[in-house]
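Right after this note come the structures.
Next come two complexes, and both contain subunit A; in the first it sits with subunit B, in the second with subunit C.
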Partner chain A sequence: MQMTYLPLKKEKSFYTWAGVFIVIFTGVVTGFISHFDAIEAIRIIPGVLSFIFIDFLPPAHTALPNIVNPLLDTFYMAVVSTVTAALISIVLAFLCATPTMPHPVFKIAIRAFASLLRNIPALAWTIILVPAFGIGKSVGVIALTIGSLGSLIRFFTETIEEIDTGKIEAIRSSGGSYWQVLRAGVMPQCTPGLISWTLYSLELDIRASTIIGMVGGGGVGFYIQSTIKLFKYDHAAMAIVIVAMLVLVIEYLSKKIRERIM
Partner chain B sequence: MSMDMKVSLVPKKQKYFYILFFLSMVLLYAFSLFQLKLSYGSGFESVRKAFGFILRMFHFNFTDWQDILYAALESLSGAVLATIISAILAFLISFLAATNVSAKGLPIFIKGLCASIRAVPTLVWALIFVAYIGLGPFAGVLGLCFHSFAYLVKAFSQSIEEVNAGSLEAMKATGASWLQTMARGVVPTIKTSIISWTALRFEINIAQSSILGLVGAGGIGHELSLYMRMFDFEKAGFVLMVILFMSFSVEMIFNKLKINVDINKF
Partner chain C sequence: MKPILSIKNVKKTYANQTQALKGVSFDLHEGEFVAIIGSSGSGKSTLLRCINQLISQTEGSIVFKGIEVEKLKGTRLKKVRREIGMIFQHYNLIDRLTVIQNVLHGRLGYMSDFHGIFDLYSMEDRWKAYSILERVGLADEIHKRADQLSGGQKQRVGISRALAQNPSLMLADEPIASLDPVSSNTVMDYLHGICMEDGISAIVSLHQVDYAIRYATRIIGIKKGLIVFDGKAQDLSDSVINNIYDRKSNESNYEESTHEMIQSGSLAV
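On to the complex of A and B.
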């Protein structure tokens, strides 16, 4: 019996090889620019592993009493900045979202403002504000607030823009004022979305507040940074593990609340 | 039926939950604010100073533009390289981490490892590598690689697990080996999602690479912290402009690419 094989997508192989070539070429060029030494990277693997598993692990549980306070500070900073940012963002998002904006000018201005805040990372905001506010928790709170403001305005606006505008139309046509439209038409629809974005922002802020401590924002990041500089790696490891656990707990809780309201 | 009947906007049970949630948030907020013991006394003066400094940043000083642009290029290529390396490694490992195509027990081990790598922020990994290797972009790229690898393994193995079990079964029934099943059955299906996950991670890496320098891992963040420490706000302002330009243009390019590129041709 004569067997014929169908060629399997022959015409695509040119694109595949071109893609492989582009990726390798880009890798070599970028490796050259960023002084990346591939041989060195492979050679140090055993060293890095022993550094992590011998110097860092096991975490020193004796460091625990010193970690509790900075960790609580980190948590408080995240809560304060998220809630503050959420309160400001709600107002700005209503002014910015298409169904509720009083005038299109607000939309353009607020979107540009939010995008400017968002595209400078919270860590960079900390560095920018440290000369004025000094090292400490206040600069951390302000930097985190600015950072979450940028993203929350965007998320809130998107949430408000996704609602069913038919209801708004119905209330308006039955003679509802602007506030009545907001209270009866917009709020019931977007509250779950607003809450879940706020919780998401809290998660992000807890992660971010651990790292802004490294550049002078207070909290547990400062502890990690200073213990690593003092070569007390097992102390740093304890703090890192605790932070990871805090992040996981917050993620779990916010997931549960989100499931409950959605 | 009476005329003044009220229609509740939100179900009763939901309403109580909202009230409980808002009350507890307000309490938590007040408690946190109280516990932080921020100093409000000098607040006004500090805000005035901050605005003064930020205004000074707008008087850009371009004298060190060569150093700054080279540092920006360093950050950019660090992000590209870290994305390429971690995507290739994660692509290979993700087959072992997907429950439907891997050996028993292996996926749980790999996924647990990746989850613990991901739980530690990129910047902390960079800090650890800086402590081991020393200051410079090499440590930054390794830190980025580490976190992106764990992130992409999770994303890729999830895509593999979504592959239709029937088509894998059919390939096995024709006598295809494991490698053949992966190459002809799995890869064509997950190609699109792999490319979009990698693109997403690339955007994250670009954002991360600009701040790696703040912990001593090279790139444009290093210039920013250098000039801010010297209170050289005019130069720092220019560095910030470069950072903003980088992140804006990456965002725009990716928004364009998602529309224009026929991902299936790749």
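On to the complex of A and C.
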């Protein structure tokens, strides 16, 4: 029997070690540049905790009546923008996805468009749009729609591209036209995926619409922002708790619906 | 007699320079049940897909009922396709739809876009679909979702969908390659029986030589994009089979004897 040393992996190459060194080096350098002070970060923990426990807690349940309306506004904003974005995205995704695109030019153009929308965060869209439309819900809805549009076009396109093309072939071979292939072969295969992504986008939009509210998009975010400015931290805390609950409920429901349709 | 399908010197080179067909010619007459045998990548699937123009050949002509199919587009191509039924190795049913909905897809070629998009199948078509399913022994399963069926049942739905087209030619691309021997027999019995009864000509590509011998009126052997055998089952000698599958004779004997053992074992069940 051969008893020389038998390694389990190939020896780590120079590049592996160079990679490890670069990661550590970059971490240290960026820490210095951004004045990150680990000791300071640990030292202020008690202050932060006391601020949270004394100023924020307990949440003021008396604030509840004032929260209901902004919260509903946030919810409506999220729903309207998700639905709008989903409807536009379906059309664009069919034009963009490889199995259904009428011409490759659509694919390039729509992908570029979606990527442009996606890479500017909804928060930035709000800040850009507030000067044009003024503070309020309509700005929030437009910003959220643009944001969801960017990601939904991509998710929908990928869903359509994942379908089994053999099934499309079967409908084509029976003499189906482009629209019939779309309806009989493509749609039944990708509908669950499209619904699932729309629900996921709704979850994201509810969270995003709260943040957007803080920079002028209306809704519960605006409420949180205003109460903090008035030092009514316990009111803000109540709103945050309620938003978290809403997000949990929506997540739970969307998970249940997705389980049913898949 | 005039052939129903006439294939002349068909060549297909894919974009990646693969030469799938290097000049294939044969005529198919009414009532023939032709088995195409050949190893994977020999060009069987490409040939079948050229016939209904799911793939267009690079060269050569395919004449179906006097029409050159490679010259057709749009509505006229649809009209030819609806006369050619096709069944697939992986069945290609729409999983989330019911059995009868899948069969009705075979009627799309006869419907307007509007009727197709809104699922407006006529009662006549629905009952036609039902009677086809009755014929393949699936009358009790019409409202089941396609993904709840066994492989053999799925392929019978595939046959039904093709029959719903009222085809005069049936193309079957490895119809039993994913099935166990018992289901394979059932599927081949239905496919062969119905084609014979209704006078539908058929081209069936098969992996298993024994099935080809059992069912086909004529066997075509394809190797690397060329026809290397075209004749009756009794003329298919061992040396011809070995040539088609590029095997040495001792290798093939071993494989065939094991195959026979498996076959007889399963039939005894």
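Assume the second predicted complex is superposed on the first by the 236 of 262 C-alpha atoms of A that agree within 3 Å, B and C clash if a C-alpha of one lies under 4 Å from a C-alpha of the other, contacts with A are read in each partner's own complex, and residues count from 1 in each chain.
In this text, a contact is a pair of C-beta atoms (placed from the backbone, for glycine too) under 8 Å apart; a residue touches a chain by one contact, two chains touch by 3 or more.
In this text, all values refer to a predicted model and were calculated from it rather than measured experimentally.
Asker: Who does A:F133 touch here: subunit B (first), subunit C (second), both, or neither?
Answerer: First partner only, subunit B.
Asker: Where does A:A184 make contact in the superposed view: on subunit B (first), on subunit C (second), on both, or on neither?
Answerer: In the superposition, A:A184 touches subunit B and subunit C alike.
Asker: Touching A:V247 in the superposition: subunit B (first), subunit C (second), both, neither?
Answerer: So A:V247 only meets subunit B here.
Asker: Does subunit C touch more residues of subunit A than subunit B does, or is it the other way round?
Answerer: Comparing touch counts on subunit A for subunit B and subunit C gives B.
Asker: Could you say whether A:S173 touches subunit B, subunit C, both of them, or neither, answering first, second, both or neither?
Answerer: Only subunit C is touched by A:S173; subunit B is not.
Asker: Just to be sure I follow: which residues of subunit A are touched by subunit B in one complex and then by subunit C in the other one?
Answerer: Common to the two interfaces on subunit A: residues 184, 188, 191.
Asker: Under the stated contact criterion, what part of subunit A meets subunit B in this complex?
Answerer: 8, 12, 15-16, 19, 23, 26-27, 29-31, 33-37, 40-41, 44, 47-48, 51-52, 56, 72-73, 75-77, 79-80, 83, 115-116, 119-121, 123-124, 127-134, 137-138, 141, 184, 187-188, 191, 195, 207, 210-211, 214-215, 224-225, 228, 233, 240, 243-244, 247-248, 257, 260-261
Asker: Using the touch definition up top, name the residues of subunit A that touch subunit C in the complex.
Answerer: 164, 166-167, 169-177, 179-180, 183-185, 188-189, 191-192
Asker: Provide the residue numbers of subunit B that touch subunit A in the complex, in ascending order.
Answerer: Interface residues on the subunit B side: 9-10, 14, 17-18, 21, 25, 28-29, 31-33, 35-36, 38-39, 43, 46-47, 49-50, 52-54, 57, 73-74, 76-78, 80-81, 84-85, 116, 119-121, 123-124, 127-129, 131-133, 136-138, 141-142, 184, 207, 210-211, 214-215, 218-219, 221, 224-225, 228, 231, 233, 236, 240, 243-244, 247-248, 251, 265-266.
Asker: Which residues of subunit C touch subunit A in the complex?
Answerer: Interface residues on the subunit C side: 52, 54, 78-82, 84-86, 88, 90, 92-97, 105-106, 108-111, 113, 116-117, 158, 161-162, 164-165, 171.
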